[in-house]
Amino acid sequence: MSAAGGATATEAGPDELMEINAARALAGARTCFVGIGLPSTAANLARRTTAPGLVLIYESGAIGAKPSRLPLSIGDGELADTADAVVSVPEVFNYWLQGGRIDVGFLGAAQVDRHANVNTTLIDRGPGRPPGRLPGAGGAPEIAASCGRVLLVVRHAPRHLVPRLDFVTTIGHGSGPGDRAGLGLPGRGPVAVITDLGVLRPDPDTAELVLTELHPGVTVERARAATGWPLRTAATVTTTPPPTPAELTALRELKSQAKEER
Amino acid sequence: MSAAGGATATEAGPDELMEINAARALAGARTCFVGIGLPSTAANLARRTTAPGLVLIYESGAIGAKPSRLPLSIGDGELADTADAVVSVPEVFNYWLQGGRIDVGFLGAAQVDRHANVNTTLIDRGPGRPPGRLPGAGGAPEIAASCGRVLLVVRHAPRHLVPRLDFVTTIGHGSGPGDRAGLGLPGRGPVAVITDLGVLRPDPDTAELVLTELHPGVTVERARAATGWPLRTAATVTTTPPPTPAELTALRELKSQAKEER
Amino acid sequence: MADIRDLREAVGELIHDGDTVAMEGFTHLIPYAAAHEVIRQGITDLTLVRMTPDVIYDQLIGAGLVAKLVFSWGGNPGVGSLHRFRDAVENGWPRPLELDEHSHAGMANRYVAGASGLPFAVLRGYRGGDMPERSATISTVTCPFTGEELAAVAALTPDVTVIHAQQADRAGNVRLWGLTGVQKEAVLAARRVLVTVEEIVDELTPRPGGLTLPGWVVDAVAEVPGGAHPSYAAGYSTRDNAYYRDWDAVSRDRAAFTVWLETEVGAGVRAVRR
Amino acid sequence: MADIRDLREAVGELIHDGDTVAMEGFTHLIPYAAAHEVIRQGITDLTLVRMTPDVIYDQLIGAGLVAKLVFSWGGNPGVGSLHRFRDAVENGWPRPLELDEHSHAGMANRYVAGASGLPFAVLRGYRGGDMPERSATISTVTCPFTGEELAAVAALTPDVTVIHAQQADRAGNVRLWGLTGVQKEAVLAARRVLVTVEEIVDELTPRPGGLTLPGWVVDAVAEVPGGAHPSYAAGYSTRDNAYYRDWDAVSRDRAAFTVWLETEVGAGVRAVRR
């Protein structure tokens, strides 16, 4: 098994700790809207650790999927085979997501700004060059609007955590407090941006993302240098608890199964 | 077997001829939206005589039902058991009826006016008395709007064929030619009112119902006396061909099966 | 996850005086036993919602528990009128009955809007008739792309939806099959959900044409074998057509109905409280 | 009833230059064989519609047949970018590609509106972002009951929808199961429908979780075993994940793609005709 960068047999690498932190953030959630990739890893890890009863809802129509291995795509056959119910894609979005039945949504991002707004559409490459094309919105605008709360997962780097989005695909907290209510967005919006260095959370008063948690050994300065705006820190910055052996074992089992099947 | 009023073992009674006429009107139709009662009798008879491939669509969600006996209710288990597909009630109305996929709709009525508008809501009982309550609209307004064409079936009597409706539940031809187009109703609307005396059809120029067909032995005068407005006749009034032995046998078999199961 | 409850307790806890209650089922799987429990407990001043208020609502209306009916077709299928319904509408006995009247397409879409968390739904309906002017829940919207004016109907969001299903497992996951009508939408549109089932099983068997409602959208499940009688539960029972025919005579006469209510349900006709 | 046809004939008769074509399937049951036949026949100037234009549309776009793409997420699932799509958008190779870009919820509802014969659908979506100002098919409507402003999206009504399914019978009734995505809506929204199937059977067996499309809403059925490869058909095949991974290298390079197109599909890249 080749563990992720910086990891050893008993210590987690930064990516692994990011994944484990994402799974931990699902503790207490009943239902989670799952995209493929890291969100699926985190949600399936949560089912094996912090949230055994977590109901996974995939936009492909599987409600209550209980995959025995990490699905390789959002339409993996295992999802339908293990689901409590398989419904149409319009039904997932209308009755289940917009219907307000989902506690947590996960989103990835190419760019996140200081109010946790998200760009997954295009990247400005400067004058005279056409913008670089990204995949687009997918389910993100309505996931961010309608889930009870949203977790963003992104690598901690200035090109991802930017002062200004090149395109606003998905509203997090708009330009600050009250914007979500003004736009009539039912959910609480992003409550955490989970990175490979730590966690940013919106300040309760300003809705600006501030540093609230660092992985062991990571300094505030390093996190600041990896953020595209002048990153503030919360009154207390905690240290991410190292993974338990159970967490690390469960994560590595999940990922090695997926690798073998590839 | 107790045949309907006026019928003998080899001759059809007026109700039977009405039912057979309704089945004949389905010749050439591919799909029929079926309500319970006479429409269901006619549609199931048509499948055994004039329209063997007719697709029956019941508002309870059975698409392509092929009942071996006459269903007793619109939600009869036989409908689901024999259907090509069972869908939800919203889907029947949205994707199948409003989607423009149904050739013929059948409607019954308490009152029909001279432009084939329909009342199934209430009956005025004169000053000082509350209106008499009827079942209401059911699927009728949208069946009449969206089916390719509509067949009305009603007993020929002044209280059913009235000069003015007490309540307009369902638009047939409004107040005359062009009204359907003006209201944006996609289908052609009522093409025939099938009664126990004959058939009325809308005049191509005025959209007023005129007498076009009489059962054998019924006079124009009798039909006029049984109509609540001064009934005009078409240039040619034809005589309904008597039922074939096959039609009569199939109809009576259908109805006796239903009776036995009651 | 849904609690597995006794019917009496579940009805008492989930359904309250003044609630808007939908009991759905299109001829199939009509939750009669739960309705009779509502009558026994005298839960009153209800707004009842149902596409086809047939005999089950005739009984609740006759018992004097219903202030308002939201519906699209009120008859005894294959038999004739609902006499208790007519007596309430025409004569105010045992109390006046307010109506909000729609077409089937409108009602179905009102449930869809409720299930979808939207305030309204759009359909090409009601055009030219007298229904829109009698209802505050029918309006119009204009398509911003084509300019076509379409009907808008207000979302239905019942306080409680009650349905009957064939099976549930011990976690309260519910499985129904056969004609499943508008039940999924009625359940997902409601604030609280009560499901009676023919049988609680250890494991739900996948089955063609069925649908599963996860236990976490259901508040309580009560095992009530035969709970849909005189309607039917595919795979468990057949429709008691004689009951529907006989209902005509019982319901035509106030005295006969009152006797039926006392002997068959164990309850009296309620006067209007307010 | 649907005609049982040879794939080549069916594609040639049903899909024409300039058509709006939807090929749907959410990872599962993607109609690759039909798309390759479109490429072989050089049917061009297409407007392609699909929620998740993955490798199948990368191939059509790279072949130069696509004038416009209507979509909500364009990537190679679990692998990365669609390089032919990016090359067309960023560099106009082999031709410029116009975009109409939506969210998944918007696209799904656009198909629902098309299937329902309505000109638009309503959702609580797109709020606050930059997408609405870039698309002529996103607007707003105001709820006549609550005053809430909601998103309106224009109906999708493709000239042709193409899907792959597991089975059809000889009357062209189609049965698919597993994740069935938005296929029913895409079929019912279209003017013409082509279905490729793994197998034509004498009788369709009812099966849990499946859906049936009656033959009378389908124009042609072609038996194409493996027609969804490299995606999968539950019960018949598994997803060829290596193909998706390998596509990354093939599609990054115009020359490698051109070789792939010639050797694997038997077609060349087309210049823009107009």
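Order of writing sets the chain letters: A, B, C and D. Residues in each chain are counted from 1.
As a working rule, contacts are C-beta pairs under 8 Å (C-beta built on N, C-alpha and C of every residue); 3 or more make two chains touch, one makes a residue touch a chain.
Source: prediction; values computed, not measured.
With centres defined by CA atoms alone, the chain at the far end from chain B is A.
Separating the CA-averaged centres of chain A and chain D is a span of 28 Å.
Note: centroid distance chain B to chain D, computed from Cα atoms, is 41 Å. Counting only residues that touch two or more partner chains, chain B has 94, 98, 146, 186. Residue positions of chain C with contacts to 2 or more other chains are 112, 117-118, 123-124, 148, 184-185, 209.
Taken chain by chain, the contacts fit none of the simple shapes, being neither an open path, a ring, a star, nor a full set of pairwise contacts.
Interface note: chains touch in the pairs A-C, A-D, B-C, B-D, C-D. Taken together, the chain C residues at the contact with chain D in this complex read 117-124, 137, 139-146, 148, 150, 152, 154, 206-210. Chain C contributes residues 26-28, 51-52, 71-75, 77-78, 81-82, 85-86, 89-91, 101-105, 108-109, 111-112, 123-131, 148-149, 178-182, 184-185, 209, 231-232, 234, 238-239, 241-242, 245 to its touches with chain B in the complex. On the chain A side of its complex with chain C, the touching residues are 30-31, 55, 63-64, 84-85, 94-95, 98-101, 146, 186. Interface residues of chain A facing chain D in the complex, by the touch rule stated above, are 36-37, 59-62, 72-77, 79-81, 86, 88-90, 93-94, 97-98, 121, 130-133, 135-142, 145-146, 167-171, 174, 179, 183-186, 261-262. Those residues of chain D that touch chain B in the shared complex are 112, 115-118, 173, 184-185, 188, 211-214, 216-217.
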